[in-house]
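Report on the structure given below.
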Amino acid sequence: MTLEVVSLDPTPDQLRYTFGGGGEPLLRVQPGTVVELTTEDCFGGRVRTVEDLPTRVCEFPYLNPVTGPVHVEGAEPGDTLAVHVIDIAPARDWAVSTTFPHFGALTATHETAMLHDPLEEVVWVYEVDREAGTCLFRPRRGGPEVELPLDCMHGTLGVAPAAGQVFMSITPAAHGGNMDTPELRAGTTVYLGVNVPGAQLSLGDGHCRQGEGEVCGTAVEAAMRTVVVVDLIKGGAPAWPRLENDEFLMSTGSVRPLEDAYRVSQRDLVGWAAELAGWDVLDAYQLVSQAGLAPVGNVVDTNYTMVAKLPKRFLPGAAAFDGVHARLRETGAAYLSQR
Amino acid sequence: MTLEVVSLDPTPDQLRYTFGGGGEPLLRVQPGTVVELTTEDCFGGRVRTVEDLPTRVCEFPYLNPVTGPVHVEGAEPGDTLAVHVIDIAPARDWAVSTTFPHFGALTATHETAMLHDPLEEVVWVYEVDREAGTCLFRPRRGGPEVELPLDCMHGTLGVAPAAGQVFMSITPAAHGGNMDTPELRAGTTVYLGVNVPGAQLSLGDGHCRQGEGEVCGTAVEAAMRTVVVVDLIKGGAPAWPRLENDEFLMSTGSVRPLEDAYRVSQRDLVGWAAELAGWDVLDAYQLVSQAGLAPVGNVVDTNYTMVAKLPKRFLPGAAAFDGVHARLRETGAAYLSQR
Amino acid sequence: MTLEVVSLDPTPDQLRYTFGGGGEPLLRVQPGTVVELTTEDCFGGRVRTVEDLPTRVCEFPYLNPVTGPVHVEGAEPGDTLAVHVIDIAPARDWAVSTTFPHFGALTATHETAMLHDPLEEVVWVYEVDREAGTCLFRPRRGGPEVELPLDCMHGTLGVAPAAGQVFMSITPAAHGGNMDTPELRAGTTVYLGVNVPGAQLSLGDGHCRQGEGEVCGTAVEAAMRTVVVVDLIKGGAPAWPRLENDEFLMSTGSVRPLEDAYRVSQRDLVGWAAELAGWDVLDAYQLVSQAGLAPVGNVVDTNYTMVAKLPKRFLPGAAAFDGVHARLRETGAAYLSQR
Amino acid sequence: MTLEVVSLDPTPDQLRYTFGGGGEPLLRVQPGTVVELTTEDCFGGRVRTVEDLPTRVCEFPYLNPVTGPVHVEGAEPGDTLAVHVIDIAPARDWAVSTTFPHFGALTATHETAMLHDPLEEVVWVYEVDREAGTCLFRPRRGGPEVELPLDCMHGTLGVAPAAGQVFMSITPAAHGGNMDTPELRAGTTVYLGVNVPGAQLSLGDGHCRQGEGEVCGTAVEAAMRTVVVVDLIKGGAPAWPRLENDEFLMSTGSVRPLEDAYRVSQRDLVGWAAELAGWDVLDAYQLVSQAGLAPVGNVVDTNYTMVAKLPKRFLPGAAAFDGVHARLRETGAAYLSQR
């Protein structure tokens, strides 16, 4: 298997902070290309010690930088971009997490507005041991340390939004963006509806791991060395981002309130299952009701994200998007075996 | 190990439809007693064929019958009732699921009120194969059948509410009730705050399996033969139901909107982890943010239910509620070995 | 006009704290009877000075006492109870309001659970001048005092719930209860669906005035001398409480999230308008969209309450509930002229 | 009084569909300038008869055109733009309203996703009588017609968003946009935080009148001849749009769920009142709790809008934004007297 492999390692001033908005793409690739890229962490790498409070070292809106956009040749509105994640590896031997004033699920925010003072701003620095596959949680005020397994993922991945809109990179919506779901790990293919020529793929916000909901507002944030393979399906654009791995089909929804995110993701999964299995939609509704999973993505961003998952073994013989996941899985295996 | 084992097999007219409300308990037991009991399905066993539409054969408010209440001797307000589920087995070789007018997550309801006509009322009958451990999904309008693994659970388990309140059995709230989480399976211990003398435990709404969210409104509904062991911890009443199995600590929250259910469950888990590990609450917030799971319980009942889960391996040395789960696990093992 | 007038002045130990739950009614009346009654304030009269913090002087669940239940002879499930408020007058020359830990719309609560400490608990005592028709706001920490006009209302009015349920008096739902809408003032008729024989009407939680939403959690709370006339319409039970005054028809909805309360109230109003005017439901939807008002009731109680209002002048010739409001208005006028 | 008066009457191809996004402003004005402008209706004027179903004659995303942007000289990020509405008059003798598939508060939508087919798409054409000050509602399927008073307003008014974002004109948020509140009528001053040089003011979506919530999704939609006077306050940018008329101060919040929109608007009003009166924030919280109003703006757009209102007579001596409303009111009076 001959692989087309290109690299994308943006300089700090090349980082972007929005989805959409034009400007020159950082890279142009043909469908089928493997892209080795680097991403900076959500703090732009400025939070390095427990003294580096984000409100002091970071400056709005220069948060959550993304790498991209990547222009995928031939992608037109209505097409489906498939992005298969081959590998995500921490770029440094440390990562950080923080509280942030008026951000998170268990605090008053600018939108769940209250009269409370913000919670204390605190930084946690994690030691990352890539060999051992762990990151070390050190409580700031005593008590046991905990070694947590690495489970690397990207919080943010998306394309340019529809209707000429430009969204901050911290917003998740129909274009993808900052969905913050742990499901977006290596081995997963993301399907995104294309809204503009070239799709304009960007990604960032690497996490060494993240709990479901990202309840404090930030994960184990890390710069990453990431490898993806990008492919294109003509037509078939899903209304909301979909994911697939070897075991599950997944639909997402990113809106508020959280029950609407649940509704969007489940509605999409029901329709997808009906189409793949040849069921009536009420039959698919029934099957998903008994066999579907519903983990939370995030409950902290400008939209909340829910994931609806269905084991592929309950859809025998069905191949989503013409089996592109399986093909990209092979590309990924070929790449990794050659590396 | 000598076990105290009693049976509870209510006649149809002994079934109850509320939590709270007094009346004589069906059973009085000492803490430590194993109770073998039967529960009817949520339709009172009246939906048996695809012609038995619930709106024709069932009568409000005689839905979701529960078995109980069981008076636990010595239980006083402020105590903690521990209910360990030893076994849940389908009582029949069939189970049912249905849509129901204006009930479910992907339909207008009495509360998410709209101008739509209800979705079609449809019944699915599942063949239950206890030997094979499966239940068979038969689509009503063609397409592949699917064998689903049995994963039996109770949708409804709770005690009498606080403040003299009486709730329909279909309501989940701080007293437990109709939480509809797949986590309430055999091997799990449920902790409930006691509000009235004797706690007044009831349970029902057995499911052969259920997806997260119970999106169509009903699971694979079945009458069950269930075995629990009931224990009592003086004091320590949790504000919301907690669950524990060999792998996870779990907090629940049952309110609307769904993000508030998420907040309640995560807030409780953060406080619980802080207490068990000896961490400051912000340190526990951080750990849960990176290591917690957040599956949906239900998004269809009068309150929505979220579950917050933390792997116990990240809380080394900690034993919740003085290790009662481990002890009841042994009781369960002893019972099963003697059966 | 000969009026049947009876009095109800409960002793402290006769006050109730729930809707439903049986026990003997405090009073039995025939439809058409005028009832002169007294209600205690939501703190049971225990908060009298700025030193009387509610958490010190009050005891859960003995909050929000109601006067009743009143058994209305002949009321059967499915009937409609009409309660016309003739007069509400403060019983004392003072009233109080407070913050309360973890209660209110701009604070973390037990349901919108967060990690914040509660806001400070503060009491405000208002001077009530019945002659001048004012209550005096005195800021606790300086700045101008403000004379506010009296606009007396009851936060809580309802009947026994359906399905044998018992709810704390602080809960608003389909049975009425703690709706906390400023619309429930003198001159207004409330329509409630009857769930149990005799309806079992109770009311309380008098407010000298209240902003829309009751954002801090409490209004200008006062014991009241109130006069109502009670009437009965056979059948026609509305699903949710409705209100009528000389100018408006009003539907209510009390659920969470707030948009669902909006949906319930608007859905009911659309159906009601269609029925009264003889319009198709989509035509009524259109008219309400252009002519309806939507003030908030409360955003602080266990359910949130929205009111949907339609000016009666846009429904020419229509008389809701057979014109009972106009008749009870006359009864009220006759009573007031004779007093 | 010498008034600077300019006109802005865009051609169809000059209409915009976003806030933000650069491009040349249509007009540049000095602070203090009166602008006479025209706006097209939300359907771009294409729905003219009951046969003109929006899904047939309109094309996404060419909905809800706005007139602008107007560059206000000297406006810098952090400043406050004051836009006083002097007059809004229907440009034609007809207006329209419609249902629209999966749009509105009493229907499944793309975000409150369900399995229902959409409600029927229906158009209502209103006769507008500018002399009489009425618009005539004609039910499509019989029943009484209703003359409704004109109460003209703009659903959409805003500036370029922060952080380089571009939002569709149908989105209400911190930049203003499609707030759809009936409060935005002649005599009202809108205060908007400036995010980019020149502020880039646009407006559109004129309504002959609108109910609170705009429950069916559209108001009595009309092209308008509108006159505003634009002014600039250096600094003092409010976080969310504020409104002022002769009687009320008003804060807005546009987020989901609706209780968060309520929280945002009330939180802002509490802080504003505290600042103007010199009260402690808890004292202002108390006063707003008793004296504030909370009408719904919209419950149909991509964000929901709530308005928090406080009568200015309860804030004696206070002048918001240095009394600019009173001054612009005079400008408006001078303009009208000279016209």
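When the chains are written out, they are named A, B, C and D in that same order, and each has its own residue count from 1.
Definition applied: a contact is a pair of C-beta atoms (placed from the backbone, for glycine too) under 8 Å apart; a residue touches a chain by one contact, two chains touch by 3 or more.
Quantities reported herein were computed from a predicted structural model and do not represent experimental measurements.
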Problem set entry | Label of the chain whose CA centroid is most distant from the centroid of subunit A | C
Exercise. When the contacting C-beta pairs are counted for A-C and for C-D, which pair yields the higher total?
Worked result: C-D
Problem set entry | subunit B and subunit C, separation of their C-alpha mean positions in angstrom | 35
Problem set entry | Centre-to-centre distance between subunit C and subunit A (centres being mean Cα positions), rounded to whole Å | 48
Problem set entry | Intercentroid distance (Cα basis), subunit D paired with subunit C, Å | 33
For this session: Note the residues in subunit D that touch 2 or more other chains, in rising order.
Result: 106, 112-115, 119, 256-257, 259, 263, 266-267, 270, 282, 285
Problem set entry | Contact set on subunit B toward subunit C in their complex | 17-18, 20-21, 60-61, 110-115, 162-168, 239, 253, 255-257, 260, 263-264, 266-268, 270, 281-282, 285
Exercise. Given the complex with subunit B, which residues does subunit A contribute to the contact?
Worked result: 97, 99, 105-106, 119-120, 122, 124, 137, 139-144, 146, 148, 209-220, 256-259, 262-263, 266-267, 270, 277-280, 282-283, 285-296, 299, 304, 306, 314, 316-317
Seminar exercise, completed: Interface with subunit C, subunit A side, in the complex: residues 106-108, 112-117, 119, 257, 259
